[in-house]
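What follows is a set of structures for review.
The same chain A turns up in both complexes below, where it pairs with chain B and then with chain C.
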Partner chain A sequence: MNSTTVNINSPSQAERLMNMSKKIVSKFTDVMLLPMVGIAIFLFLWNISAKSIHTSLGEFPGPNAVIEQFYSLYDEHVTEGKKAEAFYQRQEVRNAAKLAKNPNYVAKIRTYTGKETFLDQIITSLVTVTAGFLLAAIIAIPLGIWMGLNKRLNSAFNPIVQVFKPVSPLAWLPLVTMVVSALYVSDDPMVSKSFLTSMITVSLCSLWPMLINTSIGVSSIDSDLLNVSKVLRLPTLTHIQKIVLPASVPMIFTGMRLSFGVAWMVLIAAEMLAQNPGLGKFVWDEFQNGSSNSLARIMAAVIVIGFIGFLLDRVMLQIQQKVSWDKSL
Partner chain B sequence: MSWKKSIVSTLKNAALTIALSLSVTSIANSEALGEPEKEELKFGFIKLTDMAPIAVAYENGYFEDEGLYVTIEAQANWKVLLNGVIDGSLDGAHMLAGQPIAATMGYGTKAHIITPFSMDLNGNAITVSNDTWKKMKPNIPKMADGRPVHPIKADSLKPVIDQYKDEGKPFKMGMVFPVSTHNYELRYWLAAGGIHPGYYAPHKGDSSGQIDADALLSVTPPPQMPSTMEAGTIEGYCVGEPWNQQAVFKNIGVPVVTDYEVWKDNPEKVFGITAEFAAKYPNTTVRLTRALIRAAKWLDENNNANRPAAVKILSQSNYVGADYDVIANSMTGTFEYEKGDKRAVPDFNVFFRYNATYPYYSDAIWYLTQMRRWGQISEDKSDQWYKDLAAKVYRPDIYVAAAKSLIADKIIPANEFPDFATETGFKSPQKHFIDDTVYDGTQPNAYLEKFKIGLKKGDKL
Partner chain C sequence: MNSPIQASSTNYPFLNISQIDMVFPTATGDFTALKDVDLQIKKGEFISLIGHSGCGKSTVLNIVAGLYKATKGGVLLKNREVNEAGPERAVVFQNHSLLPWLTSYQNVELAVKQVFNKTMTKAEMKDWIEYNLKLVHMDHAMHKRPDEISGGMKQRVGIARALAMQPEVLLMDEPFGALDALTRAHMQDSLMEIQNELNNTVIMITHDVDEAVLLSDRIVMMTNGPEATIGEILDVNLERPRNRLALAKDIEYNRLRSEVLTFLYEKQRKVENITTKTTVSTSEEKKLVNEA
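Entry: the complex of A and B
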């Protein structure tokens, strides 16, 4: 008997082991190997086709040329950092000399006046997109909740939302530029006009997905929940806080995630035209420079833009899953 | 980490020594001049090699020597740049010589802009597309070795344009701005070859400049010239460097004539600031002029010895950003016309020699005569009007103050400047134009009568 049970058991154990290892292998293939193969095929095709495209700025950059530009962009960042350090040193010495001569002189440390490097430009872009997105969220979410709660308001606003939703950032930009230069007048501005222009353009375009999703989320709350609130006679604010918000959070965050994607896409175009010193300006400047490295640098920027967009989306997804009670979404 | 620290500390020491030596000079200067009222400045420029004095004054620390902390920013086009200076988002900028004059006169946006410093002489060229060049070439006289005789006159382009006219097609060319030096140079060259470039009629609201035109000129920003011609939108253009040499490198066109050949040693760019800025910050104005004069001198010093270093600065992506070779072609004293036909033009870019930095009234008046010739000034004006306007815009007084303090500080010897005691601001009559017409800045109306094509006394469209 014993021998038979062992005989029966041992193949099944082996089988289980086999299955497990198969699962691991297939998971490994799905997560690691297949994407690697995909990237390899893409790089290969890119390399081949790049060689056969001849532009007036030379050959279209292949993967190698782009990697080279990543190195040179990093080198530029390091060199500029050293120049900035020297700049601050000189400034300190000069301020000290001025103070020695004139004790009333108010010494001031000015920020480095040299050029923005690629890394600085990435940071500028991230700051701009976040600011624009937050501005849009501050407007869109309360408005969306209000529209969701009030059917009449919803019908009144809906046509406006539908008309403005598909408008391209390029159409908004000239209007925003003129309005910003007319209204934003100050001797010592906190932020530059180009930053404001890009930020507002981003807000105008990323407003709509959030607004629509929030209002749909709020208006489609389970009627049982609403009835509970009615029975308890909850005041409006408590009703929103305890019932509406928790129930519509998944939809709100879906809207926010969509909006952030739109915001990032719009930002590059806005920065190109408004000359905000971010990634969009980098692409535009390189296009204007027309040097033999320009195309490879633009391609490097394209990859960085894509990668950051992907990361931003992941971050939003993580937040969405954290705050949502409905884990199936 | 220790190696990193040691590098940082050596750097700090090096920076300190440099800074100390620099601050010593700045202390010596400041005694005579007084501190700058505004220390943080932002200057605009267009991606052209003749912005070099600004880049050099920054990179060589001349601005910092004056206690000025300058940020330099590329602008999208000349209109954006001018608006930036007018609305105060820029403190000063690299400008077309015609811009301060036109703005002060009220042609286009009205604002009182002045210039204490003329940035350079020459530096432009006229380029035509390969196709047009092929049609022009048979009409050009050749030298013994088969290369075309220079300067090439627009006479050789005239049959090509006549052919376009017969076929009912427009012949289009690009220039960078309605009041740009390029517009007037291109017009001058075309008109000297019997091709009418068209009149403006601002009093009738016509700012296209294409009335009666044989060749239709329109505005394109400098960096976009080559790609616009490549796309076939225009058949040729007049622009500054490196955008002519880039056409040669990209194999899309052939520069036919430099502005040096159209008018030898013509004034090109100026440094423009508002009159309000100069009045509010007199010390800052003189100090920035000092820094720019020093930069211009460095660019021309020892027979252009510093030009390769300057080209290296300009090829950085935040300045002009084109390839070193493309910029070097014109900046280091040679100019490539047709591919392979490289000729020596040592004075293609002049920054300091021949008193290039002094703001001459006669230069301003030349631009005014051309504005009148092509109808941008729609009515006759007296000679005195020309002189008064020139004196309102060109400010040799600021230049002289800056130059004298540089002489006193023994940074530049007095013999490198004009003799300020006798200088009137009018150059003696200039002869070297492509059509051999003599220009005397004191007689603008008489000068206008000399042209075959163009508005004359009493003409009104």
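Entry: the complex of A and C
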């Protein structure tokens, strides 16, 4: 704030202005300046240490090399898009020509089967993680509510939950792969096996935080509210709908946020091994490829993975604040 | 008052709390909270339950509400046994227990929809909800949520919710216990005003001697637990409508007040006083030992 240009009538107003400008400055420092400083220090240290690490694929990529790869990944996406467009154009021309020769000709429409670009892979990953997370939520939330309402059921299931909760996705994956291969047999599959395997692995790992939080949320509802429900003689379904669900929404959402975080982490590992064409496969393919750019491209993927994970959490938080009555979260 | 109940079916007490025992199993053995609590209440009567904390007042209320089941004995409302909670015995809880995600209107609506869904049209329900909120002077904040209104206002909505169920008996568990003295006085006046209009049968738990005398037709004084029971019953025959200022100088009012005080602080003096004294003395002893 430039206080010399402001007309100051009284000392108190000047003071107020000073205070206000102090507040704005301190907020600016907290929100913008300090994070920038942190990032700058990180980039500096990264740059220095990268130069001193020599791998069989050359020097470890510094920030510049990674930025370069971001550009080239985007260029590849654009080029691939143009190729696809050209393909469809050629197909159209060819079909039109054939149709002109023979009016009875039934045009064959083929889809372009070019290489998937980095952006396509991001979308595949997002679709897979969302599908896996939703499957987990569909199972975990109703089961969690049931467990929260029924102490016996909770006692019965709790040991199983505690044992399966810490299992790594890498342990589940071979089992899931084999089961999917055995059971998902179809001539015209709607989705690929690799997608299904990744999705189910994500579900298996992201189920638990939601299940635990939901059941705790439900079982710890204020007993006064339960008494209100008893006095009103609410039928079970109304009781769940009007009392249990709203009361435990904050806890359910905390569980969902934890689960989404887990799901995103698990997804990358699952895609790597299941060869689902997402970010995990991208990292794995670059690693196998072993060109001089590979490490920089993997590093670019790492940053993208982190950034998307952060954004997903923000989105969940926004939804939570919209849905939940408890605005203090 | 405690005349023996006659066998004829027309001459039963409106609400009969009949020889209740309540035993809670604990890790160290059974704990008898209530022993032989027996009380008959007439329709339209306002009863206060008073006693030291921990004497089982709330337990009695919860048994009448149907939230607890008595170990021995039982509760009869219009000669029918109370087995579960229900809207004909509406409860006003101490800390309002409004659903925090619903507005005042919606909180009352939940009760009205549940109780009158077969007998009222939508428009009638709306009128009934608004009538009850008006009764407790909360029509101005109908569409505010509990976190947007004060403690006294929350308790008003809680009372409106209970009244809206049109209960046979209104049970109030220290309804004004959490409020400051001024708000409490306001609420007591409101309650008397409502009571004038509706003449409900009420059982109210309280710690407050003035509140008990001001509001009640009878004050039921409970002995200290364990094995708490009814110590004395005091009839309050002050004329209604009652005015707190006029009563402050009233001889009868002050006699009743001192009766309750005598019961609480002489006859049923809380044992805790003695235990704190003994702990002080033991700590003094320790000091002496240390000094020696």
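The rule is short, and it goes like this: the second predicted complex is superposed on the first by the 304 of 329 C-alpha atoms of A that agree within 3 Å, B and C clash if a C-alpha of one lies under 4 Å from a C-alpha of the other, contacts with A are read in each partner's own complex, and residues count from 1 in each chain.
One rule holds in what follows: a residue touches a chain if its C-beta (ideal position, glycine included) is under 8 Å from a C-beta of that chain, and two chains touch if they have at least 3 such contacts.
Computed from a predicted model, the values in this text were never measured in an experiment.
*Asks:* Will chain C clash with chain B on chain A after the two structures are superposed, or do they fit?
*Replies:* On the shared chain A, the partners fit.
*Asks:* Does the superposition put A:H77 against chain B (first), chain C (second), both, or neither?
*Replies:* Neither chain B nor chain C is touched by A:H77.
*Asks:* Which partner reaches more residues of chain A, chain B or chain C?
*Replies:* Looking at chain A, the partner in contact with more of its residues is B.
*Asks:* Once the two structures are placed together by chain A, how many degrees is the angle at chain A between chain B and chain C, based on Cα centres and rounded to a multiple of 10?
*Replies:* Once the structures are overlaid on A, chain A sees chain B and chain C at 150 degrees.
*Asks:* Determine the nearest approach in Å between the Cα atoms of chain B and those of chain C after overlaying the two structures.
*Replies:* Between chain B and chain C, the shortest C-alpha distance works out to 51 Å.
*Asks:* Under the contact rule defined above, give the chain A residues that sit at the interface with chain B and also at the interface with chain C.
*Replies:* none
*Asks:* Can you list the residues on chain A that touch chain C in the complex?
*Replies:* Contacts found on chain A: 222, 224-225, 227-228, 230-234, 238, 242-243, 246-247, 325-326.
*Asks:* Please give the residue numbers of chain B that touch chain A in the complex, ascending.
*Replies:* Touching chain A from chain B are residues 8, 11-12, 14-16, 18-20, 22-23, 26-27, 35, 39-40, 47, 58, 61, 64, 67, 69-72, 74-76, 87, 89, 223-224, 226-227, 230, 246, 250-252, 315-318, 320-323, 326.
*Asks:* List the residues on chain A that touch chain B in their complex, please.
*Replies:* Going through chain A, the ones touching chain B are 56-57, 82, 85-86, 89-94, 97-98, 101, 108, 110, 113, 115-116, 181, 193, 275, 285-286, 288-292, 294, 297.
*Asks:* So in the complex, the part of chain C that touches chain A is made up of which residues?
*Replies:* Its residues touching chain A are 65-67, 84-87, 89-91, 93, 95, 97, 99-101, 110-111, 114-115, 145, 165.
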